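Input: structures, listed below.
Presented sequentially are two complexes of chain A, the first with chain B as partner and the second with chain C.
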Partner chain A sequence: MIALGLEGSANKLGIGLIQHPPGYGRDPTIRAKILSNIRHTFVSPPGTGFLPKDTALHHREWAVKLIKQALKESGVSWRDVDCICYTRGPGMGAPLQSVAVVARMLSMLWNKPLVGVNHCVGHIEMGREITGAENPIVLYVSGGNTQVIAYAEQRYRIFGEALDIAVGNCLDRFARTLNISNDPAPGYNIEQLAKQGKTLLDLPYAVKGMDCSFSGILASIDSLAREHLNPNGTPKNTDPPPSDPPITPSDLCFSLQETLFSMLVETTERAMSHVNSSQVLIVGGVGCNLRLQEMMGIMARDRGGSVYGTDERFCIDNGIMIAHAGLCGFSVGEGVVQVEEAGVTQRFRTDEVWVRWRD
Partner chain B sequence: MVGSCMTFSDLEILAALSIRSLPWGGGNLMFPTLKYVYLLHTPSSPPPPAPPITITMSDPTPIKTLIKQGAEAHLYRTTFLTPSHPALLKHRPSKAYRHPILDARLTKHRCLSEARLLVRMRRELDRSRIISVGERGGGGVTVPAVYFVDEARGEIYMEWITGQTLREVLDQALLHTTPLTSSPPACPSTQQDLLYLMTRIGSAIAAMHAVHVIHGDLTTSNIMIRAPPPGAPGDGELVLIDFGLGAVSASDEDMAVDLYVLERAFISTHPRAEEMFKEVLVGYEKGMGKKGAQVMRRLAEVRFRGRKRSMLG
Partner chain C sequence: MAMPHTLDIKIPLPPGPLANYIARALSVDPELSKDSVLRSFSCSQDMLEIHYSATSARMLRVAVNGAFESVRLCVSVAAELSPEVLDMELVESGVKG
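== the complex of A and B ==
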C-alpha cells in the first residue's frame, strides 16, 4: 500500500510518499518504507510572522512542483498510489484550504480515494513509527500546539495542554521581538543564541495541574527585552555601568527556554506518574530543540525510563506523517472521505479521532 | 488525634527554647534553617513558665519510611521531635533537569504555599466552626497540622493521620452489598451510613470553599476519614490532604472545577459511586448557602465543556 501525503496547516508545505509493505501492522518487524519526504517552507522577513493569505499563496505556488518532484524521487508512478491523504486540521484556515483543493483535484484526476488526517495524530503516529516507541506518553510541542498525550482505549487522550498560546508560538513571537531571522526557523535561532546565555532571569512559571499558560511569560520576557536592550538588540549602556555583566539577547533566550521547558518536562512527568509509563516521545517542531530533549532525558532517566525524539525531517511538519497516519486510517476505513465532504477545519482535537488501527 | 506522647504545649516549650541546641545527635535529619515552626493550637490557659528541660533522644536518627512517590513529592512516615510522635514528611526533591536557581525558587515557593494553605485552613475552620462537629457527634473536618517547614530543603513535617482514604472506604463498601461485619472503625457499615458520609464530605468541601481555599486536585485519595479513638461514639473526622496544587480563590469557576475533578474521580472508582456523588452535592449546596446554587450552575457548564476548551490550530 502506498500513500501520498499533503501537509500545509502552517508555513510548511510538505509532500511525502510512504509504503506499508504487505503484512505491515501484523508483523512488528515490518516497518514502513519512506519513498520520499520533501518540504518547502514559507519564511517571512525578520520581525514578522507568517500571515494566512501569504502562506496560502506560497502553498498554491509550490504544491504542483513539489508533488511532481516527490513522485520523481520516489520512483513510483501515480498509478501505484492507493490513497491521497491531506491535513484536515487543526491549523490555519487559508493554507489548509489551499492544500485541500490540491488533494481533491488529484483525487478526481487520478480517481483515488481521499483520506482526511488529523495533524496531531500524524505527528504521533510518525514519531511512533520512526522511534519504535510502543506506548509512550507523547509531548507534542509546536508553533500551534502544546499537548501531553496518553493513549487509552483507541483514543489519544489529552492529559494536559496549553491554556492560551502554544509554546512554539511564544518562542516565535519572542524571535520577532529580538528581530532575529526566521530562517530556517525562529525557534532554531533562539536555541543557538541560548547556548551562549549565562544569567537566568526570573520569569513567571505557570503550571496549573497538567496545563500550562505561556502568554504571561511572553509578555514578561518582552518587557525584560525592552528594559535591557536597545531597539537594535545590543545591551543598553547604563550610567554608571552595572557591576554585573549586562543582560544580552542570549541571556533572555536562555532564561525563556529554561523556564518554558521546565514547565513542559514537569507536566510530562506528572502524566507519566499518573499512567505509570516510563517512555516519552517528543514530537512537533519544538521537539527538535536539543535542550528540551536533554532535559526530558534527565527526567526520564531519573524515573528509570527513556526518551524518544526524532530529527527535523520528522519533527517539523512534513507530508510523510500525513501519508503514514492516513494510510493507517485507510487500512481500517477511518478518515476516508468523499470529494464533496473533503473539507478542512481549524479546530480538530486530537481526542476526536477514533484510533481504530491500534488495539 | 495523633499519639498521646506529646501535647502541643510541649511543642511550644520546645519552640520557646532554642531548638538548635537540642541534642539531636547529628543524624541525617538536622534542621539547619529553622525559620518556620507553626504552632496551631494555642493553649486555652497561658503557657506555664518554661522549665529547664533536657530531652534525651533514645534514637537520634528518625527513621524515614517511604510510603508514596509521586511526580513532585515523596511521602515518608517518620517521627517528629520524639521517636514516639509519628509524623508525615512531604519532601519535594530537587529536579536535576531544572536550572538550579529555578529549581530552588519553585521548591521554596511550593513548600511555603502548601504550608500556608494548610495553616489557613486550620485557622479558618477552627474560627468558623462551620461543621467542626457533625450532627451525630464528632466527625468535623480539618487538615493535617503543620509541624515544621524547611522550604530550602523542600520539606514539610505534618501530622500523621491514622485512618482510611475515601477511596479505600468506597472500594470496600461498594464491593460488599451486604453490611460489613468486621469493618474497620472508620468504614461505614450500612448504605445509610455511606450516604451520610457523602453528605458530610459535601459539607466539608463547602467549608473549605467558604474560606476561599481551592484544593486543585480533589480526588477520593485526597479525602481521609480519621479513625475515631477506640470506643468513642460518633463518626471519624474528615481530613482533607495534599494541598500541593491548592490556591486561594473566591471564583465560582475554580470551585466548580474542584467539584468536577472529584466527580470524575468518583465515576472512575465505581459505577455505583455516581449516585453517591449526588449526595456529596446535596451536602455541598446546603453547606454553601446562597453561593451553592451559583456554583452548581457553573458545575453544569464545566461538565458540558469537559473542563477543556475547543482547540485552535
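== the complex of A and C ==
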C-alpha cells in the first residue's frame, strides 16, 4: 500500500510518499518505506511571523511543483497510489484549506480515496515508526502545540498541555524580539545562540499541575531584553560598568531555553510515573532541539529509561507523517472521507481520533 | 441581511469532468464571513459557474479575489497532475532516456 501525504497546517508545505509493504502491522520486523519526503518552508523576514494569507499563497504556489517532484524522485506512478492523505487540522485555516483543495482535486482526478489526518497523530505515529518506541509517553512540542500524551485504549490521551501559547510560539516570538533570522527556523537560531550563554537569569516557572503557561515567561524575557539590550541587540553600556559581565542575547536565549525545557521535563516525568512508562518520545519542531533532548535524556536515564527523538526530516512538519498516519487509518477505514466531507478544522484535539489501528 | 452586491462568473473549461471537479472541490469550505457573503459553485457541462452576493462591494471584491485564486490552483493541479499529463510525461522521458 502506498499513500501520498500533503501537509500545510503552518508555514511548511510537506509532500510525502510512503509504502507499507505486505504484512505491515502484523509482522513487527516489516517497516514502512519512505519513498519521498520533501518540504518547502515559507520564511518570513526577521522580526515578523508568518501570516495565514501569505502562508496560504506560498502553499498554493508550491504544491503542484512539490507533488511532481515527489512522484519523479520516487518513481511512483499515480496509479500505484492507494490513497491521498491530507491534514484536516489543527492548524491555520487558510493554509490548511489551500492544501485540502489540492488533495480533493487529486482524489477526483486520480479516482483515489481521500483520508483526513489529525496533524498531532501524524507526528506521534511517525515518531513511533522511526524510533521503534513501542508505548512511550509522547511530548509533542511545536510552534502551535504543547502536549504530554499517553496512549490508552485506542486514544492518544492528553495528560498535560499549554494553557496559553505553545512553547515553540514562545521561542519564535522571542526570536522576533531579538530580530534574529527565521531561516531555517527561529527556534534553531535561538538554540545556537543559547550555546554561548553563561548567565542564567531568573524567569517565572509556570507549571500548573500537569499544564504549563508560557505567555508570562515571554513577557518577562521580553522585558529583560529591553532592560539589558540596545534596540540593535548589543549589550547596553552602563556607567559605571557593571562588576559582572554584561547580559548578552545568548544569556537570554540560554535562560529562556533552560526555564521552558525544565517545565516540560517536569510534566513529562510526572506523566511517566503516572502510567509507569520509562520511554519518552519527543515529536514536533521543538523536538529537534538538542538541549531539550539532552535534558529529557538525563531525566529518563534517572528513571532507568530512555528518550527517543528524530531529526529534522521527521520532527519538523512534513508530508510523510501525514501519509503514514493516513495509511494507518486507511487500513482500518479511519479518516476516509468523501470529497464533500473533506473539510479542514483549525481546532482538532489529539484525543478526538479513534486510534483503531492499534490494540 | 440584504446582499445587494452580486456577481455571476462563468469560466469555460476543457470538455470533460473538470468543471464538475472544481465546483465540488471548492464547495466544501464554508465562506469565512457567512453573514456578509453568500456563495455557490456549480457547473453546467463544461462551464464552471460561480455566484456571489455580498452586503458591500468591498466584501464582494475580497471574496471573489479568493475564489479566483482557488480556481487557478485547481486548474494548475489539473493541468500538471492529471493522469493523461503524467502518463504523457512518462512516455516522453522514456523516449529520451
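Going forward, the second predicted complex is superposed on the first by the 359 of 359 C-alpha atoms of A that agree within 3 Å, B and C clash if a C-alpha of one lies under 4 Å from a C-alpha of the other, contacts with A are read in each partner's own complex, and residues count from 1 in each chain.
The rule we apply is simple: contacts are C-beta pairs under 8 Å (C-beta built on N, C-alpha and C of every residue); 3 or more make two chains touch, one makes a residue touch a chain.
These numbers were taken from a predicted model, which means no experiment stands behind them.
K.L.:
For A:334, using the defined touch cut-off, is the partner it touches chain B, chain C, both, or neither? Pick first, second, both or neither.
P.N.:
Neither partner.
K.L.:
Taking the superposition as given, does A:265 touch the first partner, chain B, the second, chain C, both, or neither?
P.N.:
first
K.L.:
Once the two complexes are aligned on chain A, which partner has more residues of chain A within touching range, chain B or chain C?
P.N.:
B
K.L.:
So in the superposed three-chain picture, is A:295 touching just chain B, just chain C, both, or none of them (first/second/both/neither)?
P.N.:
A:295 contacts chain B only, not chain C.
K.L.:
Quick one: classify A:191 as touching chain B (first), chain C (second), both or neither.
P.N.:
neither
K.L.:
Considering only touches as defined above, state whether A:92 meets chain B (first), chain C (second), both or neither.
P.N.:
In the superposition, A:92 touches chain B alone.
K.L.:
Could you say whether A:344 touches chain B, chain C, both of them, or neither, answering first, second, both or neither?
P.N.:
second
K.L.:
Please work out whether A:125 is in contact with chain B alone, chain C alone, both, or neither, and reply first, second, both or neither.
P.N.:
Neither chain B nor chain C is touched by A:125.
K.L.:
Of all residues in chain A, which touch chain B in the complex?
P.N.:
Contacts found on chain A: 9-10, 89-92, 144-145, 158, 161, 163, 200, 202, 205, 208-209, 258-259, 262, 265-266, 269-270, 272-274, 295-296, 298-299, 302, 346-350.
K.L.:
Which bits of chain A are touching chain C when the two form their complex?
P.N.:
Residue list for chain A touching chain C: 57, 60, 63-64, 67-68, 71, 77-79, 93, 97-98, 100-102, 104-106, 108-110, 339-344.
K.L.:
Using the touch definition up top, name the residues of chain C that touch chain A in the complex.
P.N.:
17, 21-22, 24-29, 32, 69-70, 72-74, 76-78, 80-83, 86, 90
K.L.:
Using the touch rule from the top, collect the residues of chain B that touch chain A in their complex.
P.N.:
Residue list for chain B touching chain A: 70-72, 95-99, 101-102, 105-106, 216-217, 245, 308-313.
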